[in-house]
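Okay, so chain A shows up in both of these, paired with chain B first and chain C after.
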Partner chain A sequence: MAGADVRKERLDRGIKVRTSGIYAISGGKEIGYLILPRLVLIAGLLLLPLVVTNPYWQRVISIVGIYALLALSFDFLTHYVGLVSLGGAFFVGVGGYLAALLNTKLGLSPLFSIPLATVGGGLFCTLAILPCLPLRGVYFSIVTLMYPLLAMRVIEALNIFGGTEGIMGVASFPNRWVEQYSLIVVLLLALFGLRRLVNTDLGLVFRAVKDNDQAVKASGINITHYKTLAVFISASLACLGGAYLVHIYMWAGISTLALDFSIIPIAATVIGGGGTLVGPVLGALILVPISELLRAFGTLRIVFYALILMAFIVFRSEGIMVYAQRKYHQFEKWVQV
Partner chain B sequence: MSGPPLLEVQNISKAFGGIQALSGVSFNVHSRDIFGIIGPNGSGKTTLVNSITGFVRIDSGKVNFQGREISNLPPHKIADLGVTRTFQIMRPYYSLPAYKNLIIPLFSPRARRTGGWRGGGKLGDRDTVGIDILEEIGFERDSQVPYKLASTLPTGYLKRLELARCLALRPELILCDEVFSGLSMSEIASMLPLIERLQMEGITLIMIEHRLKELFRVANRVLVMNFGQKLIEGSPEEVMADPKVKEAYLGSEDLSDYV
Partner chain C sequence: MFEARGLMVFYENMLALNNVSLQVEAKRIIGIFGANSAGKSTLMYTLSGIILDMKRKEEMAGGERITVLGQVLLEGQDIMGFKPSRRARQGLVLCPERRRIFPESTVLENLLIGGYLATARQKKETLDYVFQIFPALVPLKNREGGFLSGGEQQMLAIGRALMAQPRILMLDEPLMGLSPLVQAMLVRSIREIRNQRGITILVSEQYARPLIPIIDYGYILENGTAVLEGNRQDLLDNPDVRSAYFGV
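Let's turn to the complex of A and B:
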């Protein structure tokens, strides 16, 4: 197509009259242009349970939802607060075990056990992480990596919460529609809630703690308060995922503390585009089904997984979402010279 | 000036490993002083600011503010008392527009309490208050400067933004670490009236400067640091006339090179 007398011309869309994120919107067409991607995402997620008919893949939808929550939790804490936690599985395990205990010991239905495990688990995780908050950078990451490993060994050694057997007989959801639609709605609420949060004044303080904590301290703000609050938000989201997980599998065990729950959300964030919040959700949507397909390869799965991840980092390190956003705001066309 | 001092620095020392950055420095700053601190590079001026504002822990000595000991309090608590500072290495939030930089200090407990600069005890809409502060400090609202990304602003504006961050807390005392360095003559000339206005409005300033001539125009007291020690303290005239000061400045016999 590109002959000697044509060249590729790139135009920014007219609407991009904006000053640092504030769009100058005039007219229905431009509003449509802005909300279209949002509608596609919402409609796409809501349609998923309807269009997927295979029972195996229906279960995968729920797993995608859980990993999307975990990836959101990671993206928020990493890219908006600057705390890189490698211990996501700890949050999942705490939320999972708590929901299982509330359900099997107190007889609370998922309607109550999930919200309670979300908030209660968030509080517990925050208290557990509190001593690490003064740690900077990689030290915080390494210590948080230890949390799920430690929790696993403690449960095994003390033989609490069913030990290696786990807690069985956790109630499931009434049917798959409740399971999937409640999860999708919760995910969308978390996504749009976080997107709103990071642009509020409180969100700016979070981001400032990440960019420049010295100036935040000099502004008379106790950064430990805000780090604590952010860890609570992030941990609660992951506990929510963990609570869903145990009610879906009707079982809580030490595998809810498995490394997968720490690593796959990070991979989803990298692929989807860190710092975009939507990206990690898309990343989970892509990565989790791939991971299921790769099950056929047994232990080689992780090799393929690693290769896919490396390819992404090498060829599209910004992540899908950052790339897509840029392309969406530009036209490219061939013009005669 | 009479009355009890606003800030008392008593015999403070600080070592980094083998380097004695401060040894036994004492001085008093009174309310509404413009207190200059000068001294060659590496003489401990920034460490002095860091020690007073809690960014480094002092090894010994004591700092009192309004009669209350503040030595080794965490930085946010010291800022909360109204002791604010600028950074020699500027630290704006580059990814935010200039006025959004002020959201962070305006979010602090002190700003909520005081209402921010000119707040009168009640904090209004943070965006509006931020833009008002910036306008007062020389960001021309008409030319949209407050809305520009901090990463696109020239040094002169970033220095003012550092000051604005302090003002947002409605401070009692501002410690300015070389706010004039990197600025042109005319930029400094346009900032001097601002400094004087802050003094008139009741703010006390400690100013670390290399530009002696400009500093001596506004300062009423000057402390000279050398090798982590207090060399001399006095009025600008006394300091200029002192032979030890001339010597510290590269052993130059003639301070007029600097003035």
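Let's turn to the complex of A and C:
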């Protein structure tokens, strides 16, 4: 009776199995199989500034890069350390203000102000988040959501850093090639660097903290230490994005602490596929241009934007990248049981 | 009255249940024995329909594909397509592995949740019955479920399942992690429930010895296949079974 039933079987492609071991370097086909997707991403990103000629969309490329960095930072912290931070805007704001101050007050060029803002901002954010690190789950999320709101009102009320007007006259990049290519190269370095990191021993501890922090403690590992390190890495990446943002717009203001910088990276991660690291970059690459295209609809923009997001979460909550990886590595066939 | 025909369950390409068929007559106690990963819990999930939920969840998240084939017949009607809630309303109630009690509700609340669909009279009557067969729960009535010991939690889980007015009660590893004394007490209670309430009981365990005195019929699962079935004596007479599942 059961003989008439069929089911769909999912199998790894032969070449996937071959390339997972030493045979990966056995021939052109195998090497090609491994390199192709990476090459498509790298070449695609590098070609983007050359292909796009419209100055408006050239600016969008930089914004995509910034959001990709933010999404990367969110994905790392959420899916590899288990800390769901809703305060991405705080990191952006700290990085942005720091870069703007270094540039306008100390006269440092973007070449120095951006790296300094990255590391300094990362340290500052880590210190600020430190008291909340024992919190877990939704409590951590709620507390981190408060940080950008708090910072925004502090700047407004105390009228520091230019108050509501912001810091103007921040130096720009020499030309758009430097702006876009440095951002894309930094983004690729961050992406492949993080992919390496999560597979090292350190990455193992991070993932273990996410799965079961009590077991990690029982293994004699101080989890606060590792959480701090992870927050520093994630915050630095987002501060880097913030520093770029400020130098691109030549202005740092309280809108760098806006909720958009917390929410859109999360949306990009959901659409791209959480936990893949590449996914969020792709998600940003899709979402940010869509959000620009939807500007034509005026205030309805947010409605369409929200509908796209909801459709993705309801129908494909796995995300584009998880789906694509499965299709690339596996094939399906009907088999008799 | 209750029957499973040719159940096959795949977790992706792994065969968890291979052509398992069960025949359950009314008011019997049926034992399902097998080692870890033999498919006991999968069988329980398939009979109770929880597997359909798991399948849907995995589909949504893009995880492994669960394939379920075969039939589950309740009094001649194929209920394979029914949701777990509908099966429970028809009297097919699962008391899940690891108890899964509601830790932040009190004992009484836990029981009342189980009896949500029962009528007020049934509820009151069953509540009295639960406290009668598990007197240890009476002084704990207002204690939060999470603060109970393992044995008390198991009594609570069985009580909660009883509140749903089962005709067929499925107990997935009810003796897990309990002391021999508590195990013996629970086994006596299981038999009493059958005798006094006329409920058909399916009970799964790894180690068959504590249950063997009360079962009417038993199945041995190995790697998803029902390798042996028979009444108490048949199982006891098989030398392989004796060494593997009774420890003699």
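We take it that the second predicted complex is superposed on the first by the 308 of 337 C-alpha atoms of A that agree within 3 Å, B and C clash if a C-alpha of one lies under 4 Å from a C-alpha of the other, contacts with A are read in each partner's own complex, and residues count from 1 in each chain.
Convention: a contact is a pair of C-beta atoms (placed from the backbone, for glycine too) under 8 Å apart; a residue touches a chain by one contact, two chains touch by 3 or more.
All figures in this text were calculated on a predicted structure; none of them were measured in a lab.
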| item | value |
| --- | --- |
| First (chain B), second (chain C), both or neither touched by A:R7 | second |
| First, second, both or neither for A:R326, with chain B first and chain C second | second |
| When both partners are placed on the shared chain, which of chain B and chain C touches more of chain A | B |
| Partner chain in contact with A:N212 - chain B first, chain C second, else both or neither | first |
| First (chain B), second (chain C), both or neither touched by A:I221 | first |
| Contacts of A:L204 with chain B and chain C, given as first, second, both or neither | first |
| Contacts of A:E318 with chain B and chain C, given as first, second, both or neither | second |
| Residue ranges of chain B touching chain A (in the complex, touch as defined) | 53, 55, 74-77, 79-80, 84-85, 87, 91-97, 100, 103-111, 126, 144, 147, 149, 165, 168-169 |
| Of all residues in chain A, those that touch chain C in their complex | 1-2, 5, 7-11, 316-319, 322-323, 326, 337 |
| Contact footprint of chain A on chain C as seen in their complex | 5-6, 8, 10, 12-13, 19, 60-63, 65, 67, 69-70 |
| Contact set on chain A toward chain B in their complex | 19-20, 201-202, 204-205, 207-208, 211-212, 214-223 |
